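Got some structures for you, see below.
Shared between the two complexes below is chain A, which pairs with chain B and chain C, respectively.
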Partner chain A sequence: MEIVALNQISPDQVILWTWKFITLNVTILYTWLVMAILVFISWLATRNLSSEMNVSRWQHFLEVIISVVRGEISEMTKKGADNFVPLIGTLFLFICTSNILVIVPGFIAPTSSITTTAALASCVFIAVPYYGISRNGVLHYLKEYFQPNFIFFPFHVMGEISRTLALTVRLFGNIMSHEKVVGILLAVTPLLFPIIMQALGLLIGVIQAYIFAILSMVYIASALSADEEGHAHAHTKKEG
Partner chain B sequence: MHIDWFVFAAQIFNFLLLMYLLKRFLFGRILKAMDDREAKIAARFAEADALNEKAREAADLYEKRNLQVNEKIEQMLNEATLAAENRRKELMEQVRTDVEHVKARWQDMLKREQEAFFFDLRRRAAGSLYATARKALSDLADADLESRIIDEFVKRLGSLEEEKLAQIRKAVAAGGGRIAVQSAFEISAAQRTQIEKAVSEQIVRDATMRYLVEPDVVSGVELRVNGHKIAWSLNEYLETLVENLTETLQREAHAA
Partner chain C sequence: MDSISIVALASIFAAGLAMGIGSIGPALGMGQAIAQALAAIAQQPDERNSLTRTLFVGLAMIESIAIYCFVISMILIFANPFWGHIIK
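The block that comes next holds the complex of A and B.
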């Protein structure tokens, strides 16, 4: 049974319930599912956390993930990473879990909806000035928009908007197109080939989650100090 | 591309909610646990360092004490050796003294035995000489030896010096006029008269005479007055003979 028809480009179009302007579609439902899974696993894993020398496997697993996130962040900010761990970690875990659960039949990744990716990118769009201002103050942050002179102000603003748009479309495009490709291949090729495509899809999903999180961090890091801006832009260009 | 703005807002809310929940249930707790553990590990390292330091100090102290103990042992050993040496010398000295003592006692005993032997020898020699002389006198001169002894005794009384006589007279007066004559044989009446005559001539008249037979007085006569004595006996000759004999024997013993 297909939940999202092949000609429907987004799971947003599958509306389950509506009342006035409030709509409940498949995207929101699966978002809640992913959230529930993540929170449940988190609760399960951290309920018996110990700061002793001997810890459980679960705790080791989580600590490895958090350590990697923390390491990546501190590599970019060169400063305390703990402030950014919740935002970047949540982005990564949410996107990664959504993308991996695609292998479960009947599951539609919320990230294959442009509304979700736009919402996530908007959060990053807001987080960049938030962290920048809270670290350096409003004036210092705004001054960065007029560097090297005021002519560059519109380009800076356009840059901010376009990279948010890029974040949105990159994730949406990858996940949505993958689902469509698998759907089409299922119709025209034997069983084995779509399985390979699914495996590839898992890889793409994890990589996209990593890219989204890293880019978010790069953007935030670029707002934190002028010194690190060049470094951050270099990262952006390389990725683009 | 259609974007449902309600869904967009709902997704932002969902994301923020998830962020809050994960921060509360996952990141906060894990970061805290990790930090706690790091702090704990650091504390353990610090503790280990402190213990290590302490152990090193203890080892140093132990080594120092060991050295001290060794020094002390050496010192005590030296002292003990010295004390033992002193004690050995003392003991040796004591043993030497003891040996000297034993030797002296032994020599003393030997001397006494020698003396006893010579005393015995003297007595036997005297007895033998007496018998021989007596037999010789009686054989040769046909005269009674005892009468010859009395004669000789009387002669000696007659030839006494005046000083000695004065002493004897004084002694006789102090002793109440009693004079004792001791001899190895019985003195006959004639001989007694001869003696009394000589006494009255030389010493004192009317003395009370007492005659005793005493075998110890070897072949002779003794006149005893209150501590003084006039005698003639073979003893003198025999003593000379014994002395000569002793000297000869000792010379022989030393030569050996």
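The block that comes next holds the complex of A and C.
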């Protein structure tokens, strides 16, 4: 039995339960499932944390993930990573978990629906001005839009919107296309070849999660550092 | 030819065309990017981490063009907005 038919482009179209204006579709259900799994594993791992010599296996597991995320972020921003780990780490863990669980039969990745990816990308869209303003203040952030002069204002705005769109469509397209390709291959050459494609899909899923996190970090870092270069520039000008 | 077959023909043809032509550019670009990155890694193996990260980000940017084409062809085949007008 297939949950999402081959000619349905998104799991949003499969509605499980409806009551007045509230509808529960497959995307929401599996998003809740992924959230529950993440919360449960976090609870399990952080139940008895210790700083002794022999720590539990779960704690090792989480520490490896967190230290890798922190390392990547601090390499990118060249500053502290503490502000960004909650957002970027959550995005990475959510996307990675939902992409990896695709190998479980019956699981529909919530990231194969454009609504989920659009929601994640709008988080980044809001986070960029948030971090920019909280680091540099409103005026400095807005001044970035008028660099080098006011003609470039529409291009900056267009860039913000189009990169959010790109973030959305990239994740959606990759995961959805992989599901469709496996479905079509299952009809054409059963058994062996779809398994290889599933294995490739795990790689694609992890890489896409990595790319989503890295790109959102790049966008946030650009809102932070572009202004500091401007500061340095103004400073040298004053000195010169 | 009635309008149903015209829409079906145009959609399928456009989907194939979009995918075929649309993946030429990204393929060339990705090949170029990977070749350059490999040359750079071979010259400076110490910088491998930052080179790989930049390569992945760049590949994602290039790849998204092909993904746009793919999404458009998927919409044309599976969720064609013109079918509703015709079939009704």
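The rule we apply is simple: the second predicted complex is superposed on the first by the 226 of 240 C-alpha atoms of A that agree within 3 Å, B and C clash if a C-alpha of one lies under 4 Å from a C-alpha of the other, contacts with A are read in each partner's own complex, and residues count from 1 in each chain.
Keep this in mind: contacts are C-beta pairs under 8 Å (C-beta built on N, C-alpha and C of every residue); 3 or more make two chains touch, one makes a residue touch a chain.
Please read these numbers as outputs of a predicted model, since none were measured by experiment.
Undergrad: Quick one: is A:63 in contact with chain B, with chain C, with both, or with neither? Answer first, second, both or neither.
TA: It touches chain B, and chain C stays clear.
Undergrad: Check the contacts made with chain A and report whether chain B or chain C touches more of its residues.
TA: After superposing on chain A, more of chain A is contacted by B.
Undergrad: Which partner chains sit in contact with A:144 here, chain B, chain C, both or neither? Use first/second/both/neither.
TA: neither
Undergrad: Based on the superposed arrangement, let me know which partner A:31 touches: chain B (first), chain C (second), both, or neither?
TA: After superposing on A, A:31 lies in contact with chain B but is clear of chain C.
Undergrad: For A:82, is the partner it touches chain B (first), chain C (second), both, or none of the two (neither)?
TA: Only chain B is touched by A:82; chain C is not.
Undergrad: Quick one: classify A:160 as touching chain B (first), chain C (second), both or neither.
TA: After superposing on A, A:160 lies clear of both chain B and chain C.
Undergrad: If you stack the two complexes on chain A, which partner ends up touching A:120: first (chain B), second (chain C), both, or neither?
TA: Once the two structures are laid over each other on A, A:120 reaches chain B alone.
Undergrad: Where on chain A do the contacts with chain B and the contacts with chain C coincide?
TA: Looking at chain A, the two contact sets intersect at 9.
Undergrad: Show me the residue ranges of chain C that touch chain A in the complex, using the header's touch definition.
TA: 49-50, 53, 56-57, 60-61, 63-64, 67-68, 70-71, 74-75, 78-79
Undergrad: Considering the complex alone, what residue numbers of chain B touch chain A?
TA: 1-4, 6-12, 14-19, 21-23, 25-34, 36-37, 40-41
Undergrad: For a test of understanding, state which residues of chain A touch chain B in their complex under the given definition.
TA: Those residues of chain A that touch chain B are 9-10, 12-13, 21-23, 25, 27-28, 31-32, 35, 38-39, 42-43, 45-46, 49-53, 55, 59, 62-63, 66-67, 70, 82, 85-87, 89-90, 93-94, 110, 113-116, 118-120, 122-123.
Undergrad: Write out the stretch or stretches of chain A touching chain C in their complex.
TA: Touch list, chain A to chain C: 7-9, 72, 75-76, 166, 169-170, 172-174, 176-177, 180, 207, 210-211, 214-215, 218.
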